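Common to both upcoming complexes is subunit A, partnered first by subunit B, then by subunit C.
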Partner chain A sequence: MNEKTMRKAKFGAFLSRASVPMMFIIICALCIPIAGLSPNYLVNEIVTRMGRNSFLILSLLIPIMAGMGLNFGMTLGAMAGEIGLILVSDWQIVGIPGMVLAMIISVPISILLGLFCGKILNMAKGREMITSYIISYFINGVYQLVVLYLMGSVIPIKHGSIKLPRGYGIRNTVSLLNMRQHLDNLIPLNIKGVKVPVATFIVIAVLCLVIVWFRRTKLGQDMRAVGQDMEVARDAGINVERTRIISIIISTVLAGIGMVIYLQNMGNIATYSAHSQIGMFCIAALLVGGASVDKASIGNVFLGVILFHLMFIVAPRAGAYITGDSMIGEYFRVFVSYAVITIALVMYETNKRRVKSMEGERLRLDQEKEGKDE
Partner chain B sequence: MNNKKKLSVRSLIVRIVALAAVIALAVILAVIGRGHTVYFDNKKLDADGTSYDPFYKVEVFVNDKSVAKLSEGDRGMVPVMGQDFKMVLHITPKKGSKKVGSAVSMKLPYNIDGIVLNLPALLSGAAEDVYMDEFIPTPTAEEETEDVVITDEFALPSDE
Partner chain C sequence: MNNGNAPLLEMRNIKKDFFGNQVLTDINLTVHEGEVVGLVGENGAGKSTLMRILFGADMIRETGGYGGEVLLNGQKVQFNSPFDAIEAGIGMVHQEFSLIPGFSTTENILLNREPVKKNLVSEVFGDRMNTLNRTMMDERAANAIEMMGVKVDRKMIISDMPVGHKQFTEIARELSKEQLKLLILDEPTAVLTEKEADALLESIRGMAKRGIAIIFITHRLQEIMAVCDKVVVMRDGYVVSEEASSNTSTAIITRQMVGRDVDQPASAASSDAEEKKDAPVILSVKRLWVDMPGETVRDVSLDVREGEILGIGGLAGQGKLGIPNGIMGLYPAGGTVVFEGKEIPLNSPRSCLDASFAFVSEDRRGVGLLLDESLEWNIAFPAMQIQNRFLKNYLGGLVKWRDEKAIKEVTDKYISELAIRCTSSKQKAKELSGGNQQKVCLAKAFALNPRMLFVSEPTRGIDVGAKALVLEALRRFNRENGVTVVIVSSELEELRSSCDRIAIVSGGRVAGVLPASSSVEELGELMLSQVI
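Let's look at the complex of A and B:
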């Protein structure tokens, strides 16, 4: 009987975990034939988007491990990456060296921003997600101050193609044509018309290995302990606050590097908007892959990228076919990405409350039993 | 206590060395990754009382790829990375004459983005300041128009 209940509970937990990916698999399965896109095109798009987005989404795993939920503050790292790329574009450093230099420039900025974000999140324990979300808006203001007013006036910017005609501030779009897809095309591979960005996948694979290795290190174990129970971790001698700050710093630094990889694939920077959407889409993709606020794996990242972006590709065409208006499909994919985040957050809170009430119920039963025994 | 102090000194040294290595890497990247646009002019040039006449046809190869086929008065270009520049020129000096091959290698100046090379002067052995010039782009109409930068996505439409 006990075993049966346990099995039932396990199946229930699996269902609740797999419900979002299942829903997306069904949506994609319905939309793909309607969209009428060729399999080759779909595979090509998915492979490109995997290379473009996976690194960014992987940056979200470490704060989840440390129990800090979904790091909306990854936007901070994205801004650091953009600053690196703007400077490198102005200095005319091109190709792979330009990319690596942009990453190097982004790292100290990301560390500082991550440190700041981590310190604030330590003051708002239990409300990390909403706090990091609001911090991203705050830092966006600082970013705009730097990019719109200080660049060109205080920070030297030479090129007219980057600078606004008034003499300071950066244009809405900065071209990255001289480093566009340089990493993707570093090791060219074409399998039956599908362009595989081998070098980008190698970088992503290395990060996956680093994450697996990191989980086994002392710091990784500390993060998991902090993620499970902060008080127990503190009693065990772990410096909880420091561990949490480090997890946010690592996430922010990885997000900065990920943003450089993302933008080299795109070939241009939308200076004032690229970073603001990226956090939301990465988090939505991770959740679509079956991750939750307190549990996420590398597998969730890749499943999420495939399903989320598959929907991104087929939904507009399917919407156009069904309603005659492709904008319906656009609305659909935007609404779904926000809805997924909402559902995931609601499910997380519901589960947390259910676990708490179950624990309370168990305690009450135990006390009743003890009373009867006496 | 002493051990701890030793360890912290060691870790400080390791950190300083790591930081220095990263800075050195950044400098190396900034040098080897510096991009230039090299323009090739097959135009008549008069300098210091000497006249350099253009060739009938020139084909320019960089990294074994044909990047420009120039007739008299033409200009070609190629984006390159780094300061070591090598090109191979297939020159037809006069109409009906035989093609002549010539390999040219030179150091590009780090601080110039666009470098104009006058090929007739270069191949005649003229001084660097004669055959080399800086390309100064004139801003396009698009570059001169001010972008509308939206900085507040929550802004309400104004009544004005």
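Let's look at the complex of A and C:
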């Protein structure tokens, strides 16, 4: 009796974990025939988007491991990456060397921002998600100050093509034409009309290996311990605060690098908006892949990228086909991202409560069993 | 490295007070290598405080340190943190588990002491980038488990384990520390099944043979007799007896534990207990279970008679606090509660209050008081909220205003009746002392004019004078208003002096209901009868 209920509960837990990916599979399966896109086009798009987004989403994994939840701290790293790219494109350093230099410039900025974010999140334990979300808005303000006023007046910017006509500040879009898809096309490969960004995938694979390896290090073990029970970890002598800050710093640094990869694929920087929704979309993709607030794996990342972006591609077409209005797709995108995040958060809470009520259930069953024995 | 013939541990003239409240007086304790010392005493006897001093707990230092000295191998030591104590070879297994739920047994045993392998990255970024040496971890964990002599699956995840195994994991963790010389076990068998407890006792013997000294704290006296070389009994902050276990018996120990003023005439209230014997049952609890963490209640059935004061006693963690908290709907509960022939739905605080129950919680600052509000507000708020009293109606009840005058009146009445020491009825609740806060909690409950009053640990953490006043107020409230009162308390004496009958809870169940005139020994025996 007891075992049966336990098994039932476990099955239920699996179902609730798998429910979000299932839902997306169903949505995609319905939309694909309506959208009427060729399989070749679909695969091409998915492969491109995997290369574009995976690195960024992977940067979310380590804070989750350290128990800091779905973290918008990565937005800060994305801004650092953009600053790196703006400077590099002003210096006219092109291609792969330019990308590498942009990454190098972004790293110290990411570390500083990560340190700041980590310190604040240590003061707001248990409310990391909303706190980091607000921090990302705050730092967005600082970023705008730097890019809109300081660049060109304090920070030397030479090229007119990226400077605003008034003499300081950066234009709305910065072209990365001489860097565009240089990484993706470094090792050209074309399978039956599907362009595969081999070099980008290699970089992503290396990051995956690093994450797997990192989990086996002392620091990784400490992070897992901190993530599951801060008090116990502290009692065992682990420096909880420091560990948490390090996890955020790793996340922002990776996000900075990820943003450079993302933007080289896009081919231009939307100076004031490229980072604004990136956190939201990355988190939504991860959740679509079946991750939760306290648990996420590399598998979730890839499944999430595929499902989320498949929906991105097919939903607008399907929407346009049904309603005759192409705007519906754009609307649907944003709507779904927020909905997924909301569902994931609600499910996280209900799961916690279910575990609690299971305890009470167990007591009642014990008592009933005893009553029968007597 | 035994310094001459000095014992492994010597505690000399240990004294400790919490803000003038003496909790330990001149404690002397010696433990030799490989010796098993049983430490027993009622809750609040000072066992935990003594062990905290030995283990260098932060809480001791924060409250002003301690008097006397601690010697390890004949050398004076002063621990500033538990880490110092661990360094010196003292290990402690606490009552609450300190385990990472998603880690395996091995990972928990070696938490933050994992053997590691160096690599290229760690050369640059420091030791934390070393990779874990899983094979070595397995080996060490296996060794520790073997030393303990109980079989535990090394790969099992903690959250999937039965509680017993969690306890063994904790013990194995201490054993895996090479410097371990002295192991403190704080009620390790409390969560174990009988079989597991036997296995643990066996492993205690095994550890002692290896030269590890053990201080064993438990309420199960037969375990003490079975495994300890020496029994130390504490009561009210004193060591009242220290004997080789072969020279004593569970009966003697029980008496030593609870037996102060054994012949003291029992309750003042008991004189009229006789007449209440025939009073009708007003509250009937059947098959109640309550899931209150640390105070689980299992299958409790209990009748309360109209107009009586019923005491509920028992050791901490045995479930006595769970009973009122469960009935009042503060924790998930099941079973039936019938009051005056009407069934009261559980898990619904509002319906309890509507049935004119009132509850004075043991958690004064958390549940009992609005700390930032005035006394007036604290006392009148529930009555206003629940019974619409102290309100003036305007426009046919559409607009309700507070009746400030009536509120002040009733507050002043209770301030003088209960002798609440305050500057005025407008003073904030958080500015009062613990005893006076408790009186405010009582006043709040009294102001509800309840038919049934639950009071949980009414005298916890307040001084003797306030204690007497609080108990007297309860008795008077009971007598003058005919209110039925249930008092839950860990202090037997207090229950004996103020109640008509006393129910003793042990292991989450009612072990027995006795008249308050019963002897302390009888009650004490019940208290220990089904301890889990």
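As a convention for this text, the second predicted complex is superposed on the first by the 354 of 374 C-alpha atoms of A that agree within 3 Å, B and C clash if a C-alpha of one lies under 4 Å from a C-alpha of the other, contacts with A are read in each partner's own complex, and residues count from 1 in each chain.
One rule holds in what follows: a contact is a pair of C-beta atoms (placed from the backbone, for glycine too) under 8 Å apart; a residue touches a chain by one contact, two chains touch by 3 or more.
Keep in mind that what you see is a predicted model, and the values were worked out from it rather than measured.
In the superposed model, A:366 lies in contact with subunit C only, and not with subunit B.
In the superposition on chain A, contact is made by A:272 with subunit B only, not with subunit C. Of the two partner chains, subunit C is the only one touched by A:233; subunit B is not. In the superposition on chain A, contact of A:216 is made with subunit C only, not with subunit B.
Taken together, the two structures place no residue of subunit A in contact with subunit B in one case and with subunit C in the other. Considering their complex, residues 213, 216-219, 221-222, 224-225, 228-229, 231-233, 235-238, 356-357, 359-360, 363-364, 366-367, 370-371 of subunit A touch subunit C.
Against subunit B, in their complex, subunit A makes its touches with residues 91-98, 100-101, 104-105, 144, 148, 159-161, 164-166, 169, 171-172, 178, 272-273, 276.
The touching residues of subunit B, counted against subunit A in their complex, run 22, 25-26, 29-30, 32-36, 79, 81, 113, 137, 139, 143-151, 153. Taken in their complex, subunit C has these residues touching subunit A: 82-83, 98-103, 107, 111-114, 116, 122, 127-132, 134, 287, 289, 291, 296, 298-299, 332-334.
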